[in-house]
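Letters are used for the chains, namely A, B, C and D, taken in the order the chains are written, and counting of residues starts over at 1 for each.
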């Protein structure tokens, strides 16, 4: 069975380590915050200038001066720091964020990612995504393995305009967890009940399959 | 102390000198920390053909979105736009030119402009459409593109508190692009919620030193919230 | 919260991992805001052949001057040196290599190193010996030279107050190069006068966010004054 | 008569305007702070990170965390701001300082300045001088017109290694006040009792002398 969005978030959460500074993109990545394992503390970076994003505010706590990069009202947690956009991207571009999780339209076996622009459709902009993929050393892409029409999104070469070149090391799809290195996708885990053949079928890029591909687990 | 008293007492005075065709750098992220009254004054004046540098372009009827109503903006450098119908329409009609700029590059261009750095290298955008036509150079085995900085005719900024010397502090995430914009204007205008007595702001806790600021005005603010998100409390 | 508790309780632990041949970036201006105990620990360890980036090199018997006594520094990037006899002697004997760097360029190199900017253009030094061998480029009719940024194996920093998360504030002009150095170390160690409870430092008033900081130690400081200048009071 | 150091400082002080942000170098420039005309307020920038340098402290006020760029203990005045060295030089290099006053060994008719290095002598460094001359649009050099041996310091071309190229617009010597433009020194004022001929004699660079060269006055 393909993973649900929640299961994807749970699986990504297992990659969190105690003391990580993490930037979570919009969508599934945001859900990861709900599944932080017990005994692990991570600090969420929001690129509008907040390190240590807390929970959403109660009605009484709502403050227009306190938002996250998704423009949602938010709170700051204990030990948070707030700063300018230049400082925020100094952190991001200087490689100080330990893990970035973001969505994508396509990734390819060279670690390229396309996530911001579909020619012919209205383009709203890349926001901080290009900075995040260029700056982080440790990036997990979350995405569906293929389109609704069964077209693979894990490609030999991205078709869409890139967000970043050669920067993605890990991909979690609804079918599999993969690492990208040496010009190939390396299959590490498969979603429970999904066969290697199924994954192979829906992976257009070069796929390296080890002898044993364990099923994913979601506990920390 | 007349020389350093930067207070002005009307928005008309605050935006004195702005003309059609000028470049305006604006602070704010979404609708958070935007110089809402300075924007309204630009609207009131009806100046046209503005080039705007701002992370976003407001929403229909608020923030920079107001300047779309009379087509006052010809070109905008932003990282994320199109949160409003008017913007999309003008973009599709080629009535507004959009120069999409990665958010960190946008921030750094302002910071560099204010700091006398004409250009810098960044990995952001290398190998993407943003890097096309830009110089690529390798440092320590990685590829970077050259990005030039920006200085505006005006910078419009929203602060929290300021003193008459133009020293400004920002509140929480309303800081965002504001201190960067403040450094990059030939004329920098800051509107704040409160002008405090000199000495109230601790010297080593000032976000924008007064040297960058030409005019300070105290205003009142709607501070509209774009995405009110709450939990049960 | 173990993951973000960056406190260490001995200077030995604070400088764990420093080795001969490493690059160390140090905060401080003259003797103001220098990480005096971290420097002493480097002396105690006797590591050699260090490359140091610091605006100055202390005085005889204090600050970085201590590291000259056992010839621990092979090379220093600084804007102003030679306030001490030992330094002059080692410089004249070619026992220490001095890479003189304009003060603003030095600061910007650290800031850029921490911010992932490998190089930037500056007018500073164009047409002077500092510009020799560096790329020159014209922007808007002015000449600029290309300067590369720096990242150190260690950054040693002196703060005023910090919390266990590594959020730091500096006091008065003891700030100087410290927040820049803090961003540019692979391992950044900050010694402070006081470690305060989390939440005591206001989030929007933090100079160095904890993400840059690996270790925090509370120490006591001599804070020697280089040029005591007083008026009748 | 050649000007005294104090007279030189007094003359420079006349160039101050109300509301100027000013950086004063070590030596004669520092003395300028003592002659700020009545009714004029200037804010002194000290490049170690202080805008709004105040008086020297009383014994009781001395604070090791509060020094100026000359490493002297100082105070901060009302309305001061304190910041990092990068921010300080952002101000300087970004052209935000209205006036810089600094000493020099030599200047030439092209606006070049040499002030930091005499080959063969011990070199201590340029500190912030190269940044200051490259960043300021408005610079006054204070220096003696000639060496003790009568060798002019206002040259056709600097002999010593430069601090900055083409950046000096005004020079105040102990003999004259001059502007540099179009590849020449333009004599604007002469020290009381000093003749144009004397100045001409001691100026090795191209000197443009107008019909009338007034004597300097020192009142604001």
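Just so we're on the same page, a residue touches a chain if its C-beta (ideal position, glycine included) is under 8 Å from a C-beta of that chain, and two chains touch if they have at least 3 such contacts.
A quick note: this is a predicted structure, and the numbers were derived from the prediction, not measured.
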Between chain C and chain A, distance of the C-alpha-averaged centres to the nearest whole Å: 35
Separation of mean Cα positions, chain D and chain A [Å, integer]: 55
Geometric centre distance via CA averages, chain D-chain C, whole Å: 29
Of all residues in chain B, the ones touching two or more other chains: 108, 111, 115-117, 122-123, 171-172, 175, 203-204
Residues of chain A touching at least two other chains: 50, 76, 82-83, 89, 92-93, 135
Graph class of chain-chain contacts, one of line, ring, star, complete, other: other
Inter-chain touch pairs (all): A-B, A-C, B-C, B-D, C-D
Residues of chain A touching chain B in the complex: 46-50, 55-68, 70-74, 76, 82-86, 88-89, 92-93, 112, 117, 122-131, 134-135, 161-166
Residues of chain D defined as touching chain B within the complex: 17-21, 40-43, 45, 50-52, 76, 78-83, 87, 89-97, 135
Contact set on chain B toward chain C in their complex: 108, 112, 115-123, 137, 139-140, 142, 144, 148, 169-172, 175, 203-205
Chain B residues within the chain A interface of the complex: 29-33, 55, 78-83, 88, 91-92, 98, 100, 102-108, 110-111, 122-130, 143, 160, 171-180, 207, 223-233
Sites on chain C touched by chain A in the complex: 1-4, 111, 113-117, 163-165, 167, 183, 198-199, 203-204, 206, 209-212
